[in-house]
Amino acid sequence: MRREIPIAICFLFGISFILEYFIPHEGVLSIFETIRQWAIIVIAFAYVLGIANLLRINYHVVQRKQRDWPYKIILMASLFFMITVGIVFDILGVGLGGIGEGTIFGWVYYHAQYPLQSTMFALLAFFIASAAFRAFRIRTFQASLLAVTALFVMIGRVPVGESLWAGFPDFTEWIMNVPQLAGKRAIMIGAALGAISTALKVLTGLERTYLGGE
Amino acid sequence: MIIFPCSKAPRYRPFLRVVFLLICILLIDPSWSLAQEDLTESWFNPNRVNMLVFLVFFFGVIIYFIRRAKKGKSLFIRRIAGLDAIEEAVGRATEMGRPVLFVPGIEDVNQIQTVAAMIILGNVAKMVAGYDIPLFVPICRPFVVPVAEERVKEGYASAGRPDAYNRDNVRYISDEQFAYAAGVQGIMLRDKPMANLLFGSFFAESLMLAETGFLTGAIQVAGTANIHQLPFFVVACDYTIIGEELFATSAYLSKEPKLLGSLKGSDLAKAVIMGILALGAILVSFGVIEFKNWFFIQ
Amino acid sequence: MWETIGIWFGAFLTLCIFSFLYKDNPFYKLAEHLFVGISAGYWATLEYHNVFRPNLWDPLTREGRLLLIVPFIFGLLLFSRFTKKYSWLSRWPMALIIGIYAGITIVGYGSGDLILQIHANLLPLWTDNWLTSLNNILLTVGVITGLIYFFFSKEHKGALGAGAKVGIWFLMISFGASFGYTVMSRMSLLIGRVYFLLGTWLHLLE
Amino acid sequence: MRKFLEKLERLDRRVIFIFIGFSIALPLLFPVYTDFSVTAPVEGFYNAIEELPPGSKVLVSCDYDPGSMPELFPMNIAVFHHLLSRGHKVIMMQLWATGTLLAERAMTEVLEDFPEKIYGEDWVNLGFKEGREVVMVSMGTNIPKTFPTDSRGTKVEEIPIMQGVTNFDDVALLMNVSGGLPGTKEWVLQVQSRYGVKLGSGCTAVSAPEFYPYIQSGQLVGLLGGMKGAAEYEKLLGRPGTAQRGMDAQSVSHIVVFLFIFIGNVAYFAVKGKKKRLQVSR
């Protein structure tokens, strides 16, 4: 019982999205439309669950005074701060509450979240350069194919490549449009088959790891 | 029975109840009414018959192969060359008496790549068990820890050395991507493992790990289905298992019907697709385009 | 005034993150945790304003669309996993989400990544233009041999082995292109940050 | 020499970091503005907008966040500018929660050039919606039900621009600014191949190679790949922005990485003898 119902739910909702593709009947479509509206709501709750989980894990760390616990307090405080200025202030009608430009929420986004996140990703520029210098080794024929393509693309896609050789952009586009594309398409077809077979096993209940242990 | 996994009639009851409930609810909702204008009466979209044919065929072969595998019929899968690479790397570590490091990616335990990594981990544990060298398994997601522990324990036991299992070697490092990468890099630099095996779902940390491993002179074998990370593994590792090969490896090792069946099903589909591509290209070259047009979806 | 304070604050946080390049340190940790907290809070707030209110609460309470109670309950059931006794109930909404994504995957990948890709790859092998012919031959050979590499039911020997070998060449070229583009992407991200530090913060760029 | 090369191989990564920092900062400080040409996928993107009759409704889904902003924000601005300057109507939406304010800011910047454009008539922001692909397919049957209100809380039925917009048949073009998942791939699979909408994509350079098959198959009308794609688009529009400004730094940093790979390999093969590597053939 505890296993069958979830499997039935999984099957029903999943199959509805497949049937919807084949059946253009308006009446049927409006049933599916309702299901989609539901899905959006449940999925939104799933994200809230993720945030609740984050809080729970960090609360435990603080409670047990595990490694880096003071930082976890900062994490939770900033989370609550955003919710307070974004939701609570909005409900209470406090000035500068709510979301959007010109609110406290917006200010924190532009001047904290935005620099933080974009800098986190900018770190990767340094790491990729270091890896290029210290670990990019052309040891086999296959690696040399990879390397030569990478170098052509890297130089051919930037303005300096074009000033070295006027045909560079066209040549790079050819690499991208022919040999590169063939490789990507083979991977794409293989991956699509894999994804569909996994999804099929989930729908039919052959694959139930998502149910977890009893 | 094929579609629905409950075998005895009473077991259908909860399912039917849910269906009944859904229908009832749909009928009372005010936003939903049958009296909508512009009723498209058709019950099937004929433009999509190619999709239907494909799905029916593909579902059929997968179910067929899974059932065959369940019945114990042997399904041939070629040995993936990557397994030899793993064996050789572990062998080298045992010769030198240096540790083996296994990194199972940074995704959670319910992700298919992590599952494949766990199967390979069990196999590696079996190889390592006979020699007194440590097998380090640093982990990014808490829920992966018990599964990894179980796998390593099983591997040691099946090699007849349950005593060699050391619980401290399977450790949780951090949920944060870069903090995890830094932790694994620490192990690489401190404990100097001779074989680094990186299997699972990797993201931006892949190149950090592969680079550090390269510098410590370890033999590295990697495998991931995250295509965007493969270039970094190919250049910095000694051998790379590419994309689907990861799943084929886990199916080969585990012999589990579910995995074997869908792999064989996909293989058959691939063979058909290759045939279509070759035949279609020739037909189109001769000016016959009806065949090609059949693969268009409107 | 607040704008200026904001820019200085942003610059401070930027430098905190960059300090990781020297080594892991408390400033980096502070910034990292701040980032996780703020983005989770941001996310939660948006779910409230953009989904919970317009798609659930307002239609339910103001328009009387009672049917929406169903997804509401399903959503709440997710939280049952925080209890020991009722955690099994959270499988229902999980099953719903997973089922939907499975259905969507089957249709989307089947049409967009399989059938339409096959359709696009059925190309004439000889045409009036030699370059087009060459390209079409390369595309056909590349995709077929690439698929051979991912074919596991036969040993890669003889013709199949040769095919797989050619296939891996195409795959490697494809990885090379990805490598080049990834370098491009990462450098752009750094350009963005340096632009902020030198331009917006220090006013060194005209 | 050998010793030097060995040392080079063991170079502290922080030295490499400094090199990269300078290779970006110096060209930004002293730009030379190297010229470049426009590639076919960018032209396709540009033409798709040009060919529309004025007053067409275009849906722009801005699915990115600050993590890929340097590449995508200039594109976002350019797309809005292009659409408004051609007299089209912009319906914007987001599938990434943490990027909502960026899309809004892009529009604010563009509106400085078009003070006459009115919210609700010339453009509207439907805001963020959770559910990734589900939102996409849901819009396929009913946009007003998926987005009952805009980002400001106004009911969609009361917004002039949204009159007569029920599903994808009612928009002339779909433009996606894509930072990852969900993004262009999902739009192609769930919307383009299902409803046959014309779709253009501006994406990060990381994902651009993956989308080339979609251009060849006609599933995408055009593609802006990374900051270079954005710069080419800015050039076509004749409106230089931050992407074009960054191109010199992009050139120099690529040359530096090229040299790194070259020197690294020279050093490696010069001192290779002592390292024994794995020998497994595929």
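A, B, C and D are the chain letters, set down in written order, and residue numbers restart from 1 in every chain.
Note that in this section contacts are C-beta pairs under 8 Å (C-beta built on N, C-alpha and C of every residue); 3 or more make two chains touch, one makes a residue touch a chain.
Because the structure is a prediction, the values reported are computed rather than measured.
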Remark   = Shared touching partners of chain A and chain B are C, D
Remark   = Set A-C beside A-D; more C-beta pairs touch across A-C
Remark   = Between chain A and chain C, the Cα-mean centres are separated in Å by 4
Request  = Could you grab the centroid distance between chain A and chain D? Build each centroid from C-alpha atoms only and quote it in angstrom.
outcome  = 15
Inquiry  = So the centre of each chain is just the mean of its C-alpha atoms; given that, what is the distance between chain B and chain D in Å?
reply    = 30
Request  = Could you please state the distance in Å, as a whole number, between where the Cα atoms of chain C are centred and where those of chain D are centred?
outcome  = 13
Inquiry  = If a residue has to touch 2 or more other chains to count, which residues of chain D qualify?
reply    = 17, 20-21, 24, 67-70, 98, 100, 129-130, 134, 137, 151, 193-194, 206, 209-210, 213, 216, 228, 250, 253-254, 257, 277, 282
Query = Can you list the residues of chain C that touch 2 or more other chains?
reply = 20-21, 32, 36, 39, 42-43, 46-47, 49, 51, 55, 67, 70, 100-101, 104, 106-107, 109-111, 113-114, 116-119, 121, 143, 147, 149-150, 156, 168, 171-172, 174-179, 181-184, 187, 189-190, 192-193
Request  = Spell out, as numbers or ranges, the residues of chain A touching 2 or more other chains.
outcome  = 5, 7, 9, 11-12, 17-18, 21, 29, 34, 37, 39-40, 43-44, 47, 99, 109-110, 113-118, 120-121, 123-126, 128, 130, 132, 134-138, 142-143, 146-147, 150-151, 154, 157-158, 176-177, 180-181, 184-185, 187-191, 193, 196, 198, 200, 210
Ask   = What topology does the chain contact graph adopt: line, ring, star, complete, or other?
value = complete
Message = Under the definition above, what is the set of chain B residues touching chain C in their complex?
response = 25-26, 28-32, 50-51, 54-55, 76-78, 80, 176, 178-179, 182, 227-228, 230-232, 234-235, 242-245, 248, 263-264, 267-268, 270-271, 273-274, 276-278, 280-285, 291-292, 295-297
Inquiry  = Quick check: in the complex, which residue numbers of chain B touch chain A?
reply    = 2-6, 11, 14-15, 18-19, 22, 26, 29, 31-32, 34, 36, 38-45, 48, 51-52, 55, 58-59, 62-63, 66, 110, 112, 115, 142, 175, 178, 204, 207-208, 210-211, 214-215, 225, 227, 231-232, 234-236, 243-244, 247, 258, 262, 265-266, 269-270, 273
Ask   = Which residues of chain D touch chain B in the complex?
value = 10, 193, 196, 206-207, 210, 275, 277-282
Message = With touch defined as at the start, can you tell me which chain C residues reach chain B in the complex?
response = 20, 24, 32, 36, 64-67, 70, 106-107, 110-111, 114-116, 118-119, 121-126, 136, 140, 143-144, 147-156, 171-172, 175-176, 178-179, 182
Remark   = So, in the complex, the side of chain B touching chain D is made of residues 81-82, 84-85, 88-89, 92, 215, 217, 219, 221, 227-228, 238-239, 297-298
